[in-house]
Amino acid sequence: MLDAKPAKKLVEVKDLKMYFPIHSGLLRRHTGDVKAVDGLSFDIFEGETLGLVGESGCGKSTVGRALLRLYELTSGSVTIGDEDIAKLSPEKLRTKRPMMQMVFQDPQACLNPRMTVAAIIAEPLDEHTKLSADEKLEKVYELMDAVGLNRAFANRYPHAFSGGQRQRIGIARALALNPKFIVCDEPIAALDVSIQAQVVNLLEDLQEQYGLTYLFISHDLSMVRHIADRVAVMYLGRIAELSPREPLYADPLHPYAKALLSAVPDPDPERESGRKRIILQGDVPSPSNPPKGCNFCTRCPEVIPICHEVKPDLAEVRPGRFVACHLVKPDNNTAAGSTGLAEDFEYNQQGEPKQ
Amino acid sequence: MPDGAKPVLDVRGLQTVFRTRAGDVHAVNSVSFHLEPGELLGVVGESGSGKSVTMMSLIGLLPMPPAEVLAGEVMLGDVDILKVTPDQLRDIRGRRIGFVFQDPMTSLNPVYNIGNQVAEPLRRHMGMNKSQARARAIELLELVGIPDAERRLADYPHQFSGGMRQRVMIAIALACDPEVLIADEPTTALDVTIQAQIIELVKELRTKLGMAIVWITHDLGVIAGIADRVLVMYGGQVVEQAPVKELFANPQHPYTRALLKTIPSVTGQRETRLRVIEGQPPIMGAAPVACPFMPRCAHAFSRCGAENPQRRAIGAGRVGYGHDVACHWDAKTGGPADA
Amino acid sequence: MLTFTLRRLLFAIPTLLLISLLIFLLVDLAPGSPLSQIPLTVPPDVRMKIMEAMGANEPVFVRYFLWLKQFFVVEPLVLWDHWWGTAYSADMQRIVSWQSRSPVMDTVVQRLPQTMTVIGTSYILGVMIALPIGIYSAYRQYSWFDQIGTFIAMIGFSVPTFFTGLVLILVFAVNLHWFPSIYDTSLRVTDWASFTQQVKQMAMPVMVLALYNAAQISRYMRSSMLENLGQDYVRTARAKGLTERIVVMKHVVRNSMIPVVTVIALGIPSIFGGAIITEQVFRVNGLGALLIGAIQGSDLPTVQTLTFIFAVLIVLFNLIADILYGLLDPRIRYD
Amino acid sequence: MTDAAPQAVKLAKPRSQWADVWVQFKSHKGALVGLFVFLSLALFVSVGPLVWTKDPTFINPDAVTMIKTRNKPPSWEFPLGTDQLGRDMLARMMKGGQTSIAVGLTAMVISITLGTFIGVMAGYFKRLDNVLMRLTDLFLALPLLPLLLVMAMLFRAPLSKAFGPEGGTFLLIVVAIGLTSWMQAARVVRGEVLALKEREFVLAARSIGTPSRRMILRHVLPNVMSPIMVAATLGIANAIITESALSFLGLGFPPDFPTWGRLLFDGAEYIQQYPERVIWPGVAISLTVLSVNYIGDGLRDALDPRIRGR
Amino acid sequence: MKLKTALLGAACAFAFAPAAMAERGADGNVKVLYSQAVSIMNAYLSSGTKDVEVGSLVLEPLAGFDEVGTIFPRLVTEIPTLENGGISEDQTSVTWKLKEGILWSDGTPFTADDVVFTAAYCMDPAGGCAQLAKYEGVKTVEAVDPLTVKVTFTGPKPNPLVAFVGAESPIIQKAQFANCLGAAAPTCTDANFKPHGTGPFYVTDFKVNDSVELAANPNYRDPAKPNFATLSVKGGGDAASAARAVMETGEFDYAWNTQINPELQAQMQSGGKGQFVTGFGTLVERIEMNMTDPSPDLPEGERSTAMHPHPILSDVNVRKALSMAIDRSLLVEVGYGASGRPSCNLVPAPAIYASPNTDCMTQDMDGAKALLDAAGWVVGADGVRERDGKRFKLVYQTSVNPVRQDFQALIKGWWNELGVEVELKTVDAGVFFGGDPGSPDTFQKFYADVEMYANNFPGTDPEPYIVAYTCDKAPRPETQWQGENINRYCDPVFDELAAQLIQTKGEAERAAIVIRMNEMLTKDTYTIVPLVDRGRLSAHSNTLGGVVLNVWDSEMGNVENWFRVK
């Protein structure tokens, strides 16, 4: 990602909203919405990894699924390549599917327990190609090689594998149709520590090998730090901060990002004992009834009166860094101060203010 | 911590096996450790390393059958709790040893209100009547930081958030002022900000109440921040034991060393590529003859396959106190350790 | 919870109307004529006259709407009049049986006590037997008790009740003379003697049905218990040092009861109609016997009304089951 | 430690999950005995008549002989005795068993197919859910007896004409039982499908673009097999008992066409003089139902991965 | 001869008879079991035997039949005859003289007005009276004075003692039923369930289709009767368990219609708790031959009509052969035991009407085969007879009933032996006898080659019964498939005899014609193949005395004489 070649936008999300209606009362009238995703805009560039972090219930998984239109969007657009997939007909969507794939969280649940590994990996091929059985098998073997699975396991059932191996099967399936864009929905959350690294390394290798673009959804900030080029921090259906990796981890701007980072325990007693923790009070409000104004205002240690009134927009406050906070004002020298290679275009891309 | 102070809990040679249709699974193999008064002992290991089973079996919470404790003694003060009658054991559980489990969503009974569940151990062990138990329950909930505790007594678990539920679990575990609190991955199911809250809470309660704590986790980060001493488990046995700073600064076992390297951090240097421990965690089966980590160990040599290493002390002190490791390989010399 | 209940009630109305139409048409289409009871000696023209007098030769839809009106307007009014001594329904045509030429509802009301006492007792008894068996079987899964319980339960629903009933009669009535083989519906319980007599005459039908009911419910209880015994909160309860009795009886049973109570509630409508054969065997002339008699006599108004009442009961107990579920499970109650 | 046992399976040689199911099934003693008993019964009724070739409906036309052979106790000539018309009970038991077991199996297939279809449709397609579940409620509320009478009247004659009196009645009975017993299966399957729809592999298949039809066939149906199998075994038992109740009501097979249910009902009248007349069919029905129930129990355990692990 | 058993029973009973002047109600309670439950006490709204008979405990006709079929007065002083002038010379009117001083159970006097009202009640065209046939040909019923009733007919009536005679046409109380005329009849639930009567009992509690509690009528005309203070009737269940309740458990004193297999009868009888009583009436189980073609290939409306004669059964020799193959005594032994006897007659009783015809009594398999051979039906390759490529195959239907099913199996066996292929069909009794023109399975529609059922006639006069076999009484689409000539038998000679019978007065002459007609249907043409003369079989406990099984009227016609054997 850090090469100088000007990157192309692969995914462009504009004002994405995913509301899940709440029906209540005698006649099941529509009385409200769970605002799982409430107006999200961001881009993903070809070949990069965008990390999407946040706590459970913040809507990050919903974003991933909405991007592949596994849910019908409430509003907004998701342009992948050059088509708005939110508006595609079911048939067009089907032909579009090979280019965008997904890796799931639970390696146990995401594999059909009644299918063999070969059948699972071949399923996308069955759906979208007209290969002969032999060609398919050959392709399956190639994919198994690519993800580091022994070909001899092709006829086994998922339950005979360990978690890490299952996740490899899931990755092989996602790769089968040579996708350009893969949504990794918490792919390592259910794995053991020693296995997480294996999977992350595999994902990185594959990215390099196939020129993949990832949306890497995770609650594990340290892993995201490792794999992502840019990171979006979500809170209660909105993006709190979207920044390139290094500046974010070195100097988080949004109070929530600060708290989040400070809460991650560090596996080093020396550093850990020296760190100043920001302990947030209370719980995340319900997405069906988010607070007025800034959605973080109920827990924000730095809250000021305006936060309870006005919803802050996601604005670029530093070159390439977008923050939705009343406390973080754009630097005056933003335009001039852009130094980083990547930051440059990111600024240009994201610079359009939106309502 | 003075070496040799009388431990509140002393576990020696604990061995637990699951009798399954596919054969016996030796889940815990000769695990020994002790817990000193007021100490927080961290137990780390991946899933399947036997850390939870160890704690469950010493207090008789495993379903038996299929589980069976083959050998060992567990001294709680002067009592070997593996040898007491079930009734005596029940008098100990909840009274002298408190338990906090991983998943606060499922660990509370969904059909009884919180007040009822907090009061249960009080009425069972402390002989309190209804109103006494209720008053104490309010105190306890306030202690664990549940706002508006009196009103919330009548609420049901599903009306609490995950963090609040875990606070309730802690209140239940602490209800009878136990000498030992065993916390089995208490923050794993929680978000990081909530995890931070709970860790703060436990630290605070520890200074306030002074009980000894066993904290089971797979997260070395959590251990680094909270534990006094650490037990590293792998393949159903203790592979390394050391005070926390010593362990992180000077890990001895190849597994500990590799593990520490695989974990990325939000601070410090970012590695361009993660280190990995190749291979898969061991499958528990028959009682091990070889070192369980041998198939994944970069330093393995012939002896590792022939003999399961005993724990040996590093530096001064005896095994179980100070720093010890169960490995044939010597990290200092990079060669076989002397037997 | 209240809106949920109201909503379900609202939904029940179109469902019931549709069911009533279907039942009406179905029963009407069924072969058989009310005249089959009349001896062949009665000449055909007299038969036609009888049919006319019954209104049996009206077109089916005319009869349907008339029946609807009678069921939903006239009969409730009659009930109202009965309670409050008014006379709104004085000149209205009620639903009249073709067999007895008397209002069907009166017969239903007359039959209810028998059905309630015998079939109800057997159901309650069945539940009372089933629950401890189910609980203990699950607690000691695969023990001898469990195996034997399973075996008896399976025998319980593999033997037809007409057979069990017959065997009981031969053993207890013919050979041992313990219990009467025929149920006396006119027995009034006034003193100890008549009470023992009532108990005696209920013994056999209750045994037959209780065995059958207990067999089913104990299976549900057992599997529900098994499901809950493995839950985390059971471990929590044990970790608190509670005794096994409290762990099982307070924590596991209460949770296991939630689905079982639903099953029990849903089974109640079947006790009104499902015990037809047992009622026949012991001549407990309850609602089931009324229905089978009406079917045999092609007494369409009675069949239609009774089956519709059963349908109403099924819908009603479905609703009650849902509400009970909510009451037992706070997670639902507060949503 | 929770996944210790599944891992233990890992190093064993690869085998299909059906092999696992069989291994687990084998360890359920009751189920194994049940399977043995059921197969024996099936063999008895299918191969038996080839060995024991007496005509089950044969009545000796010579009155004197017929009188002599009435109500015989078991003997070498009539191993299970004879009935009130001198017909051989062993032959009748075999013939009756053929019908009863065939009715049980076929009715079960119909009811399970219907129940599964409706359950899957309701669970998978949200739009159909309400309609189909109301339909299920409706069928639950329908009176069985008049429904059977109607079906008998409307279809008996054309079916008899097309398939002969026995074939026609057979079809009528199995369809009638099937049509009135699918509701439980539909409810259970719907519940399972609803839960299954939340599983990630269904989401994964959707992200691949698998159309609904293949989604159901490939991902949904195989995973609801366990409750279906259990419902199926219970369905066999239920159908055999229902058939006996139909014989009781005279809606069953032609009178000279024995089934276990009819033999039991006919024998009930003679229970005091010739108790064996009810014992044979009674034991046969009970054994079938029991064995099938035990098979169902074993299957339920074997098909449930959580139990299988233990 | 025919009533031997019943008479013996009666003789026994009298042997134990208590002192003549017993006190009313001294014997406490008697319990009666009916395997069909009583649904109404008013015989005019239901002609079910159970309703009529239980109703007869309360409501009485003017005259009844005794156990040998002789008419005797109940509420009248004497039976009207030509001799005593009660019947007019031209046989167009009957005058009944009522007994004096008879009271209804509510204490009001019984008068001629009640009789007049009863006729008006049943003859009301909107009432749907089930016993309308009893009043056929009645022009007027008038009260000459409070104790005299005159019934006038539209024309001469050879047998004028039909209305008000027998349990089917009892007298109901005008005061109670005054508002129940015509369409209002069914609305009088209370009157229909608890009618005031002149009989020995009155209803204290009525549970529809379940049980009836009765108590001795305080105003009964014989101050010493009935012996029992109360009588309970319980209904429901099957015959076997009813018999068991009397014969084995002793829970009941009397069980109605305990038709069970002969062996069970014998076993229960040996128990010593009770006994079976039998009486023979006119009920004959028979096989009816379809003279028309029931083939389903024919269009609806032509099937089983005179348009197409039956392809096989039209040949009298074939019918005869089928009859000859049947061993009737075996049927009796298997199905009825003491309560049945072989019969070759459609009209088996009363004695003067019964033909001496016995030629069907012995089975003749060889003769039957010879007849079929002669008729051109030769045994084919698979043992089934054929003629001109047509297989000898019959569909044999009857209602669902265990005994009938045994009969079907036996007869099928014999016919198979003849080389006849038989398909059995059973129809639910409600459908079979239901007469629904829309159903294909009614006995009238006769969509089968042969069918089996039993029928009889009420009272002692076979005229309406036998004259129903005329050509115009055949069920066919034009008559909505109604009619009693089930076989579609059609013979002008028979029709002529029928017309003659209606005109004939003298009993002997009438009997001769009836016998002739009976033989035409049976032994001449084998259109109707009688099988068994079925008697009533009831059971009573040994502690119940005075039971006389009456088959010509209500079975419990002498209930006032029942007593407890001490």
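Chains: A, B, C, D and E, in written order; residue numbering restarts at 1 for each.
Definition applied: contacts are C-beta pairs under 8 Å (C-beta built on N, C-alpha and C of every residue); 3 or more make two chains touch, one makes a residue touch a chain.
Please read these numbers as outputs of a predicted model, since none were measured by experiment.
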Query raised in the report: Taking each chain's centre as the mean of its Cα atoms, which chain lies farthest from chain B?
Result: E
Query raised in the report: What are the two chains with the top count of C-beta contact pairs?
Result: C-E
Requested in this report: Take the average of all CA coordinates in chain D, do the same for chain E, and state the distance between these two points in whole angstrom.
Outcome: 45
**Report entry** Separation of chain B from chain D, taking each centre as the mean of its C-alpha atoms, in whole Å
**Finding:** 52
Query raised in the report: How many angstrom lie between the CA centroids of chain B and chain E, rounded to a whole number?
Result: 90
Query raised in the report: Listing for chain D: what residues touch at least two other chains?
Result: 7, 9-10, 149, 153, 272
Report task. Could you list the positions in chain E whose residues touch two or more of the other chains? Result -> 428-429, 431, 439, 441
Report task. Mark out which residues of chain B touch at least two other chains, giving numbers and ranges. Result -> 47-48
Report task. Flag every residue of chain C that touches chain E in the complex, lowest number first. Result -> 31-54, 96-97, 99-103, 106-107, 110-111, 169, 173-174, 177, 180-182, 184-186, 280-281, 283, 285, 289-290, 293, 295-298
Query - Parts of chain C lying in touch with chain B, wherever the complex brings them together - result: 230-233, 235-243, 246, 251, 254-255, 258, 328-331, 334
**Report entry** Complex contacts: residues of chain D adjacent to chain C
**Finding:** 30, 134, 137-138, 140-143, 145-147, 149-150, 152-154, 237, 241, 244-245, 248, 261, 264-265, 268, 271-272, 278, 282, 285-286, 288-290, 293-294, 297
Report summary line: chain A contacts chain D in the complex at 65, 68, 70, 93-94, 97-98, 100-102, 104-106, 109-115, 123-124, 127-128, 153, 155-157, 159-162, 170, 173, 177
Requested in this report: Provide the residue numbers of chain C that touch chain D in the complex, in ascending order.
Outcome: 15, 18-19, 22-23, 26-27, 29-32, 147, 150-151, 154-155, 157-160, 162-163, 166-167, 170, 273, 277, 291-292, 295, 303, 307, 310-311, 314-315, 318
